[in-house]
Each structure stands twice: as structure tokens, then as C-alpha cells.
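Data first, discussion second: the structure below is written as C-alpha cells.
For reference, chains read A, B, C and D in written order, and residue numbers begin at 1 within each chain.
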Amino acid sequence: MTIQVGIVGATGYTALEVARLLLSHPEATLVAATSRADAGKPLSAVHPSLSGRCDVVIETLDADEIAKKCDVVMCCLPHGASAETCKQLVEAGTRVVDFSADFRLSNRELYEKWYGVTHPWPERIGKTPYGLPEFYADEIRSSDLVANPGCYPTSVILPLQPLLHSDMIEATDIIVDSKSGVSGAGRSPKLGTLYCEVNDSIAAYGVGSHRHQPEMVDILHRAAGTLPSILFTPHLTPMDRGILSTIYVKPKTDAGGGKVHAKQLIETWQKRYRDCPFLVPTDALPATKHVAGTNYVHMTARDAADRIVIVCAIDNLTKGASGAAIQNMNVMFGVNEGLGL
Amino acid sequence: MTIQVGIVGATGYTALEVARLLLSHPEATLVAATSRADAGKPLSAVHPSLSGRCDVVIETLDADEIAKKCDVVMCCLPHGASAETCKQLVEAGTRVVDFSADFRLSNRELYEKWYGVTHPWPERIGKTPYGLPEFYADEIRSSDLVANPGCYPTSVILPLQPLLHSDMIEATDIIVDSKSGVSGAGRSPKLGTLYCEVNDSIAAYGVGSHRHQPEMVDILHRAAGTLPSILFTPHLTPMDRGILSTIYVKPKTDAGGGKVHAKQLIETWQKRYRDCPFLVPTDALPATKHVAGTNYVHMTARDAADRIVIVCAIDNLTKGASGAAIQNMNVMFGVNEGLGL
Amino acid sequence: MTIQVGIVGATGYTALEVARLLLSHPEATLVAATSRADAGKPLSAVHPSLSGRCDVVIETLDADEIAKKCDVVMCCLPHGASAETCKQLVEAGTRVVDFSADFRLSNRELYEKWYGVTHPWPERIGKTPYGLPEFYADEIRSSDLVANPGCYPTSVILPLQPLLHSDMIEATDIIVDSKSGVSGAGRSPKLGTLYCEVNDSIAAYGVGSHRHQPEMVDILHRAAGTLPSILFTPHLTPMDRGILSTIYVKPKTDAGGGKVHAKQLIETWQKRYRDCPFLVPTDALPATKHVAGTNYVHMTARDAADRIVIVCAIDNLTKGASGAAIQNMNVMFGVNEGLGL
Amino acid sequence: MTIQVGIVGATGYTALEVARLLLSHPEATLVAATSRADAGKPLSAVHPSLSGRCDVVIETLDADEIAKKCDVVMCCLPHGASAETCKQLVEAGTRVVDFSADFRLSNRELYEKWYGVTHPWPERIGKTPYGLPEFYADEIRSSDLVANPGCYPTSVILPLQPLLHSDMIEATDIIVDSKSGVSGAGRSPKLGTLYCEVNDSIAAYGVGSHRHQPEMVDILHRAAGTLPSILFTPHLTPMDRGILSTIYVKPKTDAGGGKVHAKQLIETWQKRYRDCPFLVPTDALPATKHVAGTNYVHMTARDAADRIVIVCAIDNLTKGASGAAIQNMNVMFGVNEGLGL
């Protein structure tokens, strides 16, 4: 059996990354791609790196047609629009991995507060598994809809969950300083992502107002059983891909009465993630280049003053988006979680 | 009168930046440059961007010869070696701006603890003005030796000093997450600064152990009258120049009994730095590109959760090194502080 | 006297570069800036690197108003629109440096063939000095309108003119392979200049069809007295600024009956450009970084097989646009040609 | 059967690229790696992107030990040293893909002239297949030693061979202007490849003297049956990976008496390379980004003046080095040529 995969919203960077990963996936193949603006063109005309490697022609979205062809659809539409399309696709009988934020949060109120739209399919919010197989593999396996995680949250939830869960760090005053590559801002032409605006420069943005902050808090609450307080500041960094999150936490007191040390955090990760194919606790300080183009997560911790500094690196397009989606697909279809990644 | 300037240790990036700035300085001119390795070569052979613009030939350092030719020397040697050379130069009768850390700290113990060497001229440590004319113009004006500030400390001390001094923020648990361009690592060939190692990648380094941390604390203590606790994490960022420091502080309660707000911090800077030509408090979030190649300092503040996030951008080679040195020279020689910058 | 300068079309990169250069010009000052889209905003809101350094507020273009305030206007509009505005400005009594191609070519037919528009002021085409003071200083000095040169043509005409003029190289089969930074493509948001499209990548464009090819040929014909045949291929290179043109020419036979050598080309440049402040023939191979942010032109030549390889580097925004405009302004107003550059 | 692979000289970028590609190769696995300087360390300590993915520990080279463990060795040593090691490895009974230039050229005289060393194993020069399976698959299949091609030559030989062979273009006055990413310069720390020297800058190097020029000429002579005259100029481009070669050729007259057109060149490639998995003639202009990290070759042609401009893009580390080596290995061991690529 080969898993037949479709992409809805095929012109962006996450769609290209899905296509790239499927090219070397031994048990899945891309069979359809849709885009309103580019219907009729070969997918390789929109993404020239697929030239000579991919014959798919972009079509206009028809949920029934797509559902007929595809075992699973990667839905790469913007929030709001995505939920509506996911509903049509699921009702037409295919399974969906949704790249938008529409089904990530625990409840409709939180979603509508942060996203400012009425949710098109409220029955499913809070009832859709969050696509981190490291925590939710069972739910993902049996679901017809998976909420693929946000890129920044992935780089924060993975290191923090085991530490909050085992009560090694304070849940208060967690400071997350993240640096992302420019692909995270999408492929629509905008002044702020022109080469000459961002090359050779770094800047903070969305200070205190980025929508990934409530996602981190909500999912950690759900996955670790405690409601953390997180101050999140993203930065636009002159690189194509990658997220580096530097996380400042306060250690709790351990059983022996002393402060928890960085070394203990690393050991906790090693134990917790022993069976997770992509999570790599390290002694060395991670760099985004070391995980570029891969689904791997490098994380370390260092004692510094009264705090512990955690550093976590992922590729925002791979483990932060399309690689995670393939990993979720693998789980949904019962093949090896790491296949093709 | 034209100020006659020499550079000792002329092969690195800060030396080139001094030379570049002097080319358009109306009242100072580069007359000598020394380097052990490159003596005999034109300075423009080592720095091709000076071709056709600069006739200086590199010579071997002879303190008496240099002192005869130069009103002031920019000493760009590594710590330890620098202090020894500064002593010779000052004793030979010239004035010196020292780019190393040798005379920045308040006492010998702190220096020897962090730098691991015996100080070659301990009489002058703690008695040499720290080269921020924003605070120490009077001392700089009359000194034969000025300790040019570190790049990271400049980006942290300038925003924090007025806030600590006026008791608007807590001195405890200040978190500084800084991002620097690669020129900060110098021009000696090393694996870690090769193009293919750092391009398209960001990484933390020196977590909890960077020598600029005690410098920040010590100078803020001296300049603001309170001893702050700072956790400092530098990051190597894929850009030639620039430092962006994101600083997480806790607001105190103001006279009205409410929490101090970001807006008040900006107003404090505007008042404090009204007469400082290069300090620009802004509402917009700074980017390092906006100050690249200039001596300007952009800084803003935003409320976020229980903290205030301060963002400060400088060019590490200009205000963080050679521009500050020219500014100090201007003050030392009684010309307009901003001349040629 | 201070030259009062206005910028028409103030939102792009060349406008910013004009403003940057004027900030340190001792005898000129920016007094007005216009832009349809951004009228009412401070210029520093559109170009944050001007924050704290420039008080000009953007206005809507009114030719009479601008002419009243300005001794000279830098017109940074697109072709077609530019000629029309230049006409209004000149008729309103101010002098103009036109950044567009509207007045560069020798005749209307050539212009209308390549630009596909009817020329709005045909009386002036062929009668406007081409803004290379290296060749046309006298005409520039007395003109109310100067055609600022194209960036690629500058990097090709300057090295080739003396060689064609002195009959040292063949006029046929000249191959020009140019590499430009991304700022040459302007500041309007387009897919092709997004960071993630061009970072870490190089590509040819406009092969055999770029409008700067007829400009090179036409101006060399005019300035060197011979009609060269040039094959021109531009490349988009992952850098903010800079043009490197690699030019493949065939040497002629010299007086002694041997082939002309690269060394002789360098000597010819040294002689021809002795009094030109920015032209630097070198033995070393130029890099765009060596001229970045400056008005300098580095050029060298090397023998290779039956040809000579010429390499010329400029900054496309400075000598290739705004620096040349300031240089032209200096000539127009009788101050030192290199002032402020 | 899984092919057991060793890497000799494991610390550079080509070695890392071999390791990266083997991680997803379904029928080959990395079993050994050697390096004098780093023996005893895990390979992932030298290449952190292998952390958590590769258990190989670096050892000192012992040809017999390596031959025992490995079916094939990727020899990534510098020229001269490489030939000597290849001899030992082949004599110890393993097969070798040599990344150096030691066995590429047709005869010893040419090699010793350009490389300035006495060849350590002259019996094999001129008798070792050149590792382009597109031309030499049969010889590669049965050989114990394969000369992996140079990066620049790959980007030039592949487009030119079919055109010279079918007599569509002149063999004289071919001009090759190539642009390479910085990884082509290796991983040894050198001033010229520091980030701050090459970032945001482009420069020519090795004009008229690069060793890949005789390789192009020699192999095209061998593979196309005609001795071309090539003027080759490489450029260092600010990107990690990629080569773009812009090739200026003169079309011959075709059977109908007219000049050959670009379209005919593209058709010739399509026919010639129909069965070659990685060669992609395109209508669009290639960019190095479109082939980054892949073994693909994009090539197109455009009419321009009296010439045709050919543009060819490869990844210098993949098709230009390690990908070609894996492709050669696949041929040597009788598995599908494109496996794992």
C-alpha cells in the first residue's frame, strides 16, 4: 500500500516542504495539489526545485474529488479558511492534517479571542489531537483530523513538558526568546520579508502579542497538567529556516533539598524521549544549522545564575510544520513514525 | 589643528572601522598603523576597501616613534598585551583609547578572576574612565587613557542605567538575551567563524560564562549606584555587524502606586539622553540594520505580562567599538562629540 | 551657501541612499521629500535608519513648491513618469538629477523601442548630459537636467571607454557577465525578491533582453567613438548591494606587433583616470565588499587564453545610483566633485 | 545485502554530505570514518548535525582494517595524499571512489604540470573511469577505483558534451563564468572563507589559472571527441552551496543552413539525457537554490546576439561531489543509479 497524499494550498513554503519530503518517502506519494491562484499549472512551475521530479498539476479545490484520490490531505490554508475546508474534506471521507491554528487550542473562546473570527467548525475544537506524536500518538492514530502544531510552540513545548510534568521547574516567569528564519513569515510578497529588509539584520516582532504564546500555554497546561506563565518574544533572523528558542526557567528544589541542576533536566529528557526518534538532548549548544532540513530537535540546558537556560533548535519548516505533518501521517496510517524523515 | 591618529594592531575589523571613519572625519587623520605580522605592507593591502583612499604603510610598533607622530593611539590589541602597550604609549607621551577589556573593570581582583592573567598596569585599573561619554565625558576629556567599552555592555548599560538610577525597575533577575553579528568574533581564522559554519544559522554561546557579564554589572553598579543581577546569553547571528539586546526587566511600583509602564521608560530615556547625539528612543521595534555602519543607538520598551521587554540595537563595530572610540577621541580633544560620525 | 536638495519618489532604496549621503555632506542638505503613497509621514517612518537624524516630512509632489525650496531635485521615479516630472520641475525653475533611464539614450527611437512608451519630453533626449563626470563634467556643470547613469552600465562603461577609445581591444564579441545585489531590483514587494527566494542562491535573469545593454552600447559609442557589440547577462546575487562585472574582451595588436596585455590596460586606466577621485585600478581582484557603501570603482585586468578578463566592482546604490547623483550635484554646483562621498 | 561504506578524511564538508546522504540510503550504510586529527571522537562531535543519528567513531586510517569492514571507501583526502591512500586501499581489497583530482586527467604529464607533484600511482592515471555515469557507467560498474569529478567541471561537461559531440557549437572561444558557494573552498580555517570576508560580497578568483580548466578540456576531449578551447573564471558567491555556470558558446550552422538555435540545444539534451535520472533541461532560468541539497542538474539555453548563453546549476556538494560519489557507488554495486539520492 502506498499512502495517497494531497496538498490543499500548494503554493507556499510548507507545501513545498511536504512535496520535497514525499519525494523520498518509501510508502507515500503526492497525488494531488490545489491552489486557487495557480490551478492549471504544473506544481513544478510554482516550485522550480520540483522540476523533473514531480508530475502533479495544480487543480482547483473540489473536496469530493480530492477525497476520492487521497487517503490524507495536508491542508496548508490560512486560519479560518482552513477549518472550513477541513470540514468539507473530512465529511467527504478523507483524513486531514491541518497546518493552521484552527484546531490546536482547547476551546472556542480562546481561539476566537486570539484569532478574531467565529470558528467555522466549533464541534471539533478541543476534540482534535494536537499533532505531537511524542504526547498524543494514540489519539492521532485513530483521528480523521490532526492539528499540526505551530512552529514556535514545538520548540518550547517539547523541552518544557517533561520538566513541568515532573515538577522540576517553576511554572511562573518563564521567559522564551525565540529566533526564527524568514520562511516562517510565508511566501506572500510583503515589504517586511524582502531580501534587502531582513538580510544582515535581526529584529524582535510581535512582542507580547504573538498568537503562539497562548498555544504554548494551552498545550503545556493540557500536556503537563500545570498552567505555566510564559513571556514570549519572537525575532526575525536572517536565515531561510530554523528556530532557536532560548528559554529562561527557574529550577525548583529537588528531593535532596538542593536546586535542580541543568544536568538533571538533560537526564529527564533522555529518559522521557528515549523512544522518540527525533528528540536529541545534547551537551553541546545547538545551532539551527545542525537540524536544517531535518525533523530533529536538539536541546540542551545550562546552569546560569539562579536560573537554568534551555536552548532548543528545530527546523521551522520540517519539525515545525511539514516534517511533523509527515510524522503525524505515518502515525495515522500505522507505518514507522520516522519513515521518510 | 588636525588630530593625528595611530592604530596599534591594525589588521582586525575594529582597526578597519577606525580607518574607515577617519577617512571622512573633518578634524582627524590616520597617520600610522602597526602590526607585527604585516609590517611593511600598505594598510590597504590588508584592508582592500582602503585601496586608493589611504597611503599609510604598516610599521612595527615602536612606542616612542608612534608617540612622536600621534596625538592619540587606538590600541586594538588583545587583553593583557594591550595593557602593556598602553603603558608604554602613555609613558611615551601620547594619549590612548584602549579597545581591550584591560582598564574597564573597577578593580584588579575582578579583572584577574575573569581574564586569568596578572594585570600589567594595576595602578590604572579602577582609575581609567569607561568610554561612554554619555556618563563620563568630564573624566574622558582630561584623561590620557580611556577604556573603550565592550560591545554587548554598550547595548545593555545605555538602556538600563537611567532606569536603575531612577529606581523604575528591579535590579534583580534581569535577563539579557543578545544577538551579535560575526565580526564581534574577530578576524583570526577559526572554524567557528567560517562562512559555512555560521551562514543561515543562529546559536547561543558562552551561556553563563561570557566576560561581558561582569562588565555590565560592574559598570551599572558604578554608573547607577545599584548592583544589578544580570543573566546574560549571547548568540552568534548570521550577519556581519550589529547587536540586538532583548532585555527582560521587572517594573517597580511608581509614585501613583501602579506598575511602571514601558511608556515611562521611553520618556525617561528621552529626558536623560536629550543632549546625547546618538541615542534614539523610539516607539518602533529596532532592527540592527537600522543602525548598521552608524554610531546610533535605537531603543524601545514594551509591556508584556508582568515584565517590560526592552530592545536595544547598536552596530557592534561602530558604537560598540570604533565609533565609540572616535566619539571618545572627539571628547578628549575638545571637538564636537559627534564629529565625523 | 548650502545646496538645498529635494527627493521626488522618496520611498525606495536609492532615495534612502541619497538621504544617507546627504547626512554627512558638508555643503548640501535634504530639505524636502515627496511620495504619493506616504505623504504626511516623517521620512524616518519609511526609512527607520534615519530615525533621530532627519526631520523631513514627506509631502505630495507640487513642482512649484519643490522648486521654490530646492536648488536641485533627485528624481527617483520610474521611467516615463520620471520624464514628465522632470519637465515640470525644470520648467518650475529647479535643476534635476534624473535617476530613470528617460534621458540617458542618444535618441528617441532607441528609447521608445526598448522602453515601449512614448517619450514625454523628446526635445531633451540626446541633449541631456549622461551623468558620468569622468567624461561629461563640462556639460553636467552647466545643465539644468542630468541623466544619472544605470548601475550596470557604470560598471561596464568606465573600464571599457578608455580601452575602446585608444583602440586596445576589439569592439566585437565583448561578453559582460554581471552580478548584482538585490537592492537593484527595488523596494516594491515581489515574489522574486523575497528573502527566502534569493537567499543562498544565484541565478541569471534578463538574458539577452536587459535594457541596460543598449545603454552600454549607446554611451560607449558616444564616449569612445566606436560602436561596440556587447552580450550582457545580469545575475541576481544574494547580497544587499554591489555589482561585479566580469568582462571578456579580445586584445588588439599593439604598436610593437604583439598582443596587448592586461598590464597595459591597467596602465591606460591609471593614466586616464589619474584625476578622477573614485576610480581605482588595482592589481588585486576586486570584491563588491571592498566598495560597499562607497562611491569607489575598483577594476583590474588579467590575461587568460586569447582574451583579457576585466573585473570591475561598484556599489550599485552608491556609484551605481545615489553616489553618482551626489557627485553630479557637486559638479553642477561647483563644489569639490568628491565632497561628502 | 547492504553496501558497507567507509569515509577516509571525514572532517570536511564533502564527508559530511556523504554521511548525510547515506542516512537515508536504503541499501548502503556508513560503517567507518577516519581522520588523523580527530581519531577517537564520535563523527557526530565533528559534525553536530549527525547527533543522535550516527554512531560511527572516527579512527586512524589503517588500510587493511578499513578494507576488511568496507565494500567501498569514499576517499576525501587532498590530491597527492589521496592517490597514495587509494593505492593502499585498493591493494587491501576494497573499492574506492576518489574525491581528489588524482585520477581524473588522461595522463601523467598534464597532472604533474597542473598539480606540481609526482603522481604516486601513475599506472592508474588515464585508466581510471571518470565518475560521470552519464558517460562512463560501464567502466564505473566494473572498476575498483573511480575518479569522482570536480564540481565546476560537472557543471560544464554535462551541458557541453552532447553539443560538441553532435557538432552544434564551435569548440573555440568557449567562455565559462562560474559562481560557486563557499563550501567549495573546504573546511580548513582561512581568512578568505571567514564569514565577514565573504558575506554580502562576490569576487572572481583564480582567473586563468584554476585547475578545473584543464579537467574540463581534457574530459570533453575524451567524451566528445573534440578538443575545446575554454576560458574559465570562477567566482566566490555568498552562499553555502551551489554552482551556477554561465557558458557563452558560438552556434554552428545546422543542416538547413541557418544558425543553430537555443531551442535545438535543449532538444539535444532532452534526447541525450532521457535515461539519466538527474539531468533536467528546462525552459526556465535555473537558480542554485532549485537544486540545493539534491543531485539534480538544471540547464537551459537562450539565444543572445551571435551567441547562445547556456546556464547550468548544480549543488557543488551533491552532484558536484558527494551525490555523484553515491551515484557512482550505486552503479559499482549494481543497484538503481538514483537510489538514496
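Quick note on the criterion: contacts are C-beta pairs under 8 Å (C-beta built on N, C-alpha and C of every residue); 3 or more make two chains touch, one makes a residue touch a chain.
All values derive from a computational prediction rather than experimental measurement.
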{"item": "Chain B and chain A - chains in contact with each", "value": "C, D"}
{"item": "Chain whose average C-alpha position is farthest from chain C's own", "value": "A"}
{"item": "Whole-Å gap separating chain C and chain D, where each centre is the average of the chain's CA atoms", "value": "39"}
{"item": "Distance between chain centroids, defined by C-alpha means - chain A, chain C (Å)", "value": "46"}
{"item": "Chain B and chain C: spacing of chain centres that average the CA atoms, whole Å", "value": "36"}
{"item": "Chain C: positions in contact with at least two other chains", "value": "181, 197-200, 238-240, 286-287, 289-290, 292"}
{"item": "Complex interface listing, chain D residues touching chain A", "value": "24, 26, 48-49, 51-53, 199-200, 279-280, 282, 284, 286-287, 289-294, 296, 298"}
{"item": "Residues on chain D engaged by chain C in the complex (per definition of touch)", "value": "173, 175, 177, 179, 181, 197-205, 207-208, 229-231, 233, 235, 237-242, 244, 246, 248, 285-290, 292, 302-307, 309, 311, 313"}
{"item": "Contact set on chain D toward chain B in their complex", "value": "13, 181-183, 187, 189-191, 193-200, 238-240"}
